[in-house]
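Following this line, the structures themselves.
Same chain, two partners: chain A is paired with chain B first, then with chain C.
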Partner chain A sequence: MQHQLLAQPAMSVAKLTMQAGESVTCEVGAMIAMTSGFNVETTSRNKGGSGGLAKGLKRMFAGENFFLNHFTATASDQTLMIGPGLLGDVMHYPLLGNTLIVQGSSWLASAVGIEIDATWQGFGKALFSGEGMFWVKCSGSGDLFLNSFGSIYQVDVDGEYVVDTGHIVAFDDTLQFRVGKAGTSLVGSILGGEGLVCKFSGQGRLYCQSHNPPSFGKLLGPKLKAR
Partner chain B sequence: MQSTYSGGVFSDTLADGRAGGEVELMPAGIAIRCPDGEFFVIPYRECQVEMGGYHGRMLFCRNPDRSLTIYSEDAQFRRDLSLAAAGMLDEQLAMGNRQRRSESRRSLFYAVAFVAATLVVVVAGYFAVRSGAKAAVLALPTSVDAKIGDAAMQSMTLEGPQVEDPVIVDAMQSIVDRLEPQAAVEGFQFKVHVVDSPMVNAFALPGGNIVVYTGLIRSATSAEQVAAVLAHEMAHVTLRHGLQRAGQSLGIWAGMSLLIGDVSGLMGAGVDLFQTASANQYSRQHENEADREGVRMLQAADIDPAAMTQLFAAINKEQGDLPEIFAWISTHPDDASRIAQVEALIQKLPPRDYRPIDVDWAAVQTQLSDLPANQPPGD
Partner chain C sequence: MISIACPHCQKRYRLDDKFAGKKAKCKGCGQVMSIKASPTADSTATLPSQDPLAANGPPAQNQPHTTPDDAAAVPPAETAAPITETTSTATPVSAVEPLAAGVPPAQGAATDNNFASVGSPGGQPGGAPHQPNREQASRGEASQILRGTTNHLQYEISQRPDFSIVKVEIPQGRKLYAEPSAMVSMTPSMHLEAGFKGGIGKTFGRLLGGESLIINTFTAQDGPGEVMFAGGAAGDVAYHRLEGNSLYLQRGAYMFNSEGVEVSGKWQGAKGFFSGEGLVLLKASGTGDIFFNSYGAIVPIDVTDGFIVDTGYVVAFEESLQYRVTVLPGLRTAGKIKSFFFGGEGLVCQFAGTGRVWVQTRQVKSFLSWAHNYRPAKSN
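After this line comes the complex of A and B, so read on.
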């Protein structure tokens, strides 16, 4: 499978070129266009693998869809265009046996060799991190495509790093994070508009998005006409 | 001992800065073999151990200048490392474990504290709304009582046909009219409905509709005794017990909507509640209040309150035969202690010249005996 990311960063789409027999698993609704030589299969389990009802439900809690779409090329040089729902970036991440923790709804597509599972982020974090209750855990090896709202930037964390809640796209499982206040005083943090932040520690890579959907919604919502 | 553990490595010498791989515990130290053939070793004595990672269960082994880090999340790796390093790393491992345990204890504490706080807020909020609704009910205008009472009166099923006989109905209304000026609250329109039924019962709906069964009138040997019952029922109305009961029966949402001024939930609940006459039971506290207020009204209207205990006694004497029809006593619980309480109340009253009620009681009784419910069975 070859990939090409087009129109980055604001309105990115991924163009995947696949040979006969190659498969890719995509988020439901991610397909924009494709050539005719694809076999599309919709199930709740990973391609040729485990999962099913329970995994589907866990994915739903993680902010993803119950179902997954598997695209399998039936002829050579088939192209598939996939893109995110919101205006934003698409990121390619080659997973090499390691594990990436992805914010719910940021997962776009992955190669067959990647296991998609939901992982509980812990009680305190679930309540305050501004993310879903679960994260999507991607492990295995192969190509992984993530999407974001706004553009994605990468941070190599060694030590500590602070991200506002809602701006996390993905991070290595070698990183640990806590939810804490931005400043030394809670009142100050809230008045400063930062409120609670995610504090990462350890060593690993962190991917952040430049915008976050809830803030955007809050700005836009009042301006929309009631239907 | 397991031979390899899945893990990874951070190193400046790697093109990407890191790689996944298989961690091994070798005699020389902790080693990792990457899929592309790279190989790294950290000698045990130079190793610095830290816990971390997403779940806090990942073990990081670093060399002194932190240029090389080998990690694994395998639980077995932690145990085997202690053995392989011959105890050299035990102190660091124990520290990491302590740190992890204290962190998990702390997050458990926060979780428990949060759940407890949520529970407290929910429970306190529930009772606040309930008691708030109770208080808000009393602040409502009396027209709400009347609306509920009238609607319930229209839709309720009574135990028999309504009696229109002017002798009986006028007698009842004249008793009520004599008591009405003594009502603690103005603005209630008291209206008596007489229902032809052997049931010895009477009840009041919110707002002033009072239903008296002919069975009760027949049991009474004087108009004063019926006046005692009517005074008690009017007291329920003026003390707004009906509305309070409707307020108590409100669910949490209707209670909240009442607090922000929406009475539709209360009206619905009230009409539902009072539609069934048999459900018309007040709490012990409300009954006692109504007794006290009834006695006060009787006294103020120059009617002898002792009639109340006389009626109790008369009903009690008859009750042996047909206990189920003496609803007024049976829905008014614990009559023995109640009679004692009423008697004690009457004892304390200052002496007063009582005026008899201007009703021809014998005529009322005669009219009553002509009604179908009072005909002997099989007639």
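After this line comes the complex of A and C, so read on.
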């Protein structure tokens, strides 16, 4: 599978070129266009693997869809174009046996060799991290595509690093994080507009997004007509 | 070495001597140019890349505020790249890849090189994508300026693809027809007149096609004129030259056209009913230039062998293509239509034949359904 990222960073899409027999699993609704030599299959499981009802439900809680779409090329040089719904970037991450924890709605597509599973982050984190209840755990090896709201930047964490809630895209599972207050006093942190933050520790890579959808939504909300 | 510049978009190439006398397709604008053996005048001396801004800054990224007046003085984005990089991008016609092989990258161009280095699968072992490189490579492609000259006008599409804006220059006496509110600014030599165009039938056809009843006519009355046009949403603008053939435009995609082009509504029948995109497509035909816009970037795709596009992402397509609206193939026949109901891909346009399709990379619908969640609830 070869890929190209087009129209970055705001209108990004990933163009995948696949050979016969190659297969990719995509988020529901991600397909924009494709050549005619694809077989499309909708299931609640990972391709050819485990899963089923429980995993589908977990995915739902993680902000993804219950179902997954599998695209399998039936001829050589087939092209598939996928992209996220909102404005933002797409990132390619080659997974090589390691594990990446992806924020619920940031997962876009992954190759067959990658096992995707929703993981529970613990009650405190779920409630206060500003992210979903569940995270998507990607392990195995192959191409992984993530999307963000706004642009994505990478941070090499060695020791500690602080990210505002809602801005996490993905991080290596070698990192731990806990939710804490930004300043020394809770009142001060809240008045400062930063409220709670995610504090990472350990060693590994962290990917953040420049914007977060809830902030934008709260900006828009009051100006929209009541439903 | 031969040094040439594309006569249409001024993109420069350096080619081996053996290509002298041959013809090549410009990677920038797609026009065919002939390669003349040039006297060995040192080509680098003539490069506009000597502009310090263009030479040092990241390409294209930092030339945002080109006002209409000095826009012409700013060198095209791609010349900021070292000339050696663009060398390989002018392919002699004899060796040109068939125009329609698979999906060519958006506006092709010098970026193939960039993508080859950053877009290869795998990357370095243990390595995650290297952000800075990626940004630069993609920025270079994204903000490439498209320009061209036709019988009717001269155009330049810049700030692509996020905030595309078109600058059009027309000689005295010429006209442009545009949808209301597309105009951003213009020189005082332009005269603007709003009115119905093309009689009752065409006017209502446009209305059904999601466009306004009114068409603004811009006439260069007192000397040559210049108009800037932009779309309503953040997104891209694409250009197409009609030579007697027709182009279908999705609801709301129409922006403006030159003389010689007729824009009318075309009833799509059941196809339109099921596509969820409106019953009527706009049909542009004649001989002239047409510009259309999108939400998101526009990716042109040359179809030779069947192509499938989600209905919400079609911007325009050539009349030479047949299309039908269907659920994803392979699911119908097997009696499984699960993808249709649960797969979220809904309905797709299945194209057949040979021609070009323009696809947008985002759809307004997705944004709206997301924003809907933030609407306040009615208080009672």
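Here, the second predicted complex is superposed on the first by the 224 of 227 C-alpha atoms of A that agree within 3 Å, B and C clash if a C-alpha of one lies under 4 Å from a C-alpha of the other, contacts with A are read in each partner's own complex, and residues count from 1 in each chain.
The working rule: a residue touches a chain if its C-beta (ideal position, glycine included) is under 8 Å from a C-beta of that chain, and two chains touch if they have at least 3 such contacts.
Keep in mind that this is a model prediction, so the values were computed, not measured.
J.: Given the touch rule stated above, what does A:Q176 touch, chain B (first), chain C (second), both, or neither?
T.: first
J.: Contact-wise, after the overlay, does A:G159 reach chain B, chain C, both or neither (first, second, both, neither)?
T.: In the superposed model, A:G159 contacts neither chain B nor chain C.
J.: Which one hits more chain A residues, chain B or chain C?
T.: Touching more of chain A: C.
J.: Give one of first, second, both or neither to describe whether A:A10 is in contact with chain B, with chain C, with both, or with none.
T.: In the superposed model, A:A10 contacts chain C only, not chain B.
J.: Is A:L96 contacted by the first partner chain B, the second partner chain C, both or neither?
T.: both
J.: Does chain B (first) or chain C (second) touch A:G202, or do both, or does neither?
T.: first
J.: Pick out the shared contact residues on chain A: the ones touching chain B in one complex and chain C in the other.
T.: Residues common to the chain A contacts of chain C and of chain B are 96, listed in rising order.
J.: For chain A, which residues are in contact with chain B within the complex?
T.: 96-99, 101, 119, 122-124, 127, 141, 156, 171, 173-177, 201-204
J.: Can you name the residues of chain A that touch chain C in the complex?
T.: Those residues of chain A that touch chain C are 1-13, 15, 17, 28-29, 31-36, 38-42, 65-67, 69, 77, 79, 81, 83, 85-87, 91-94, 96, 143, 152-154, 205, 213, 217-218, 220-222, 224-227.
J.: Touching residues of chain B toward chain A in the complex: what are they?
T.: That would be residues 6, 8, 10, 17-21, 35, 52-56, 58, 60, 69, 71, 73, 107, 110-111, 114 of chain B.
J.: Over in the complex, which chain C residues touch chain A? Could you list them?
T.: Contact set of chain C toward chain A: 102-103, 105-106, 115, 119-123, 125-129, 131, 134-135, 138-139, 141-142, 161-162, 234-236, 296-297, 299, 301, 305-310, 313, 328-331, 338-339, 342-345, 350, 357, 359, 361-363, 366-367, 370-379.
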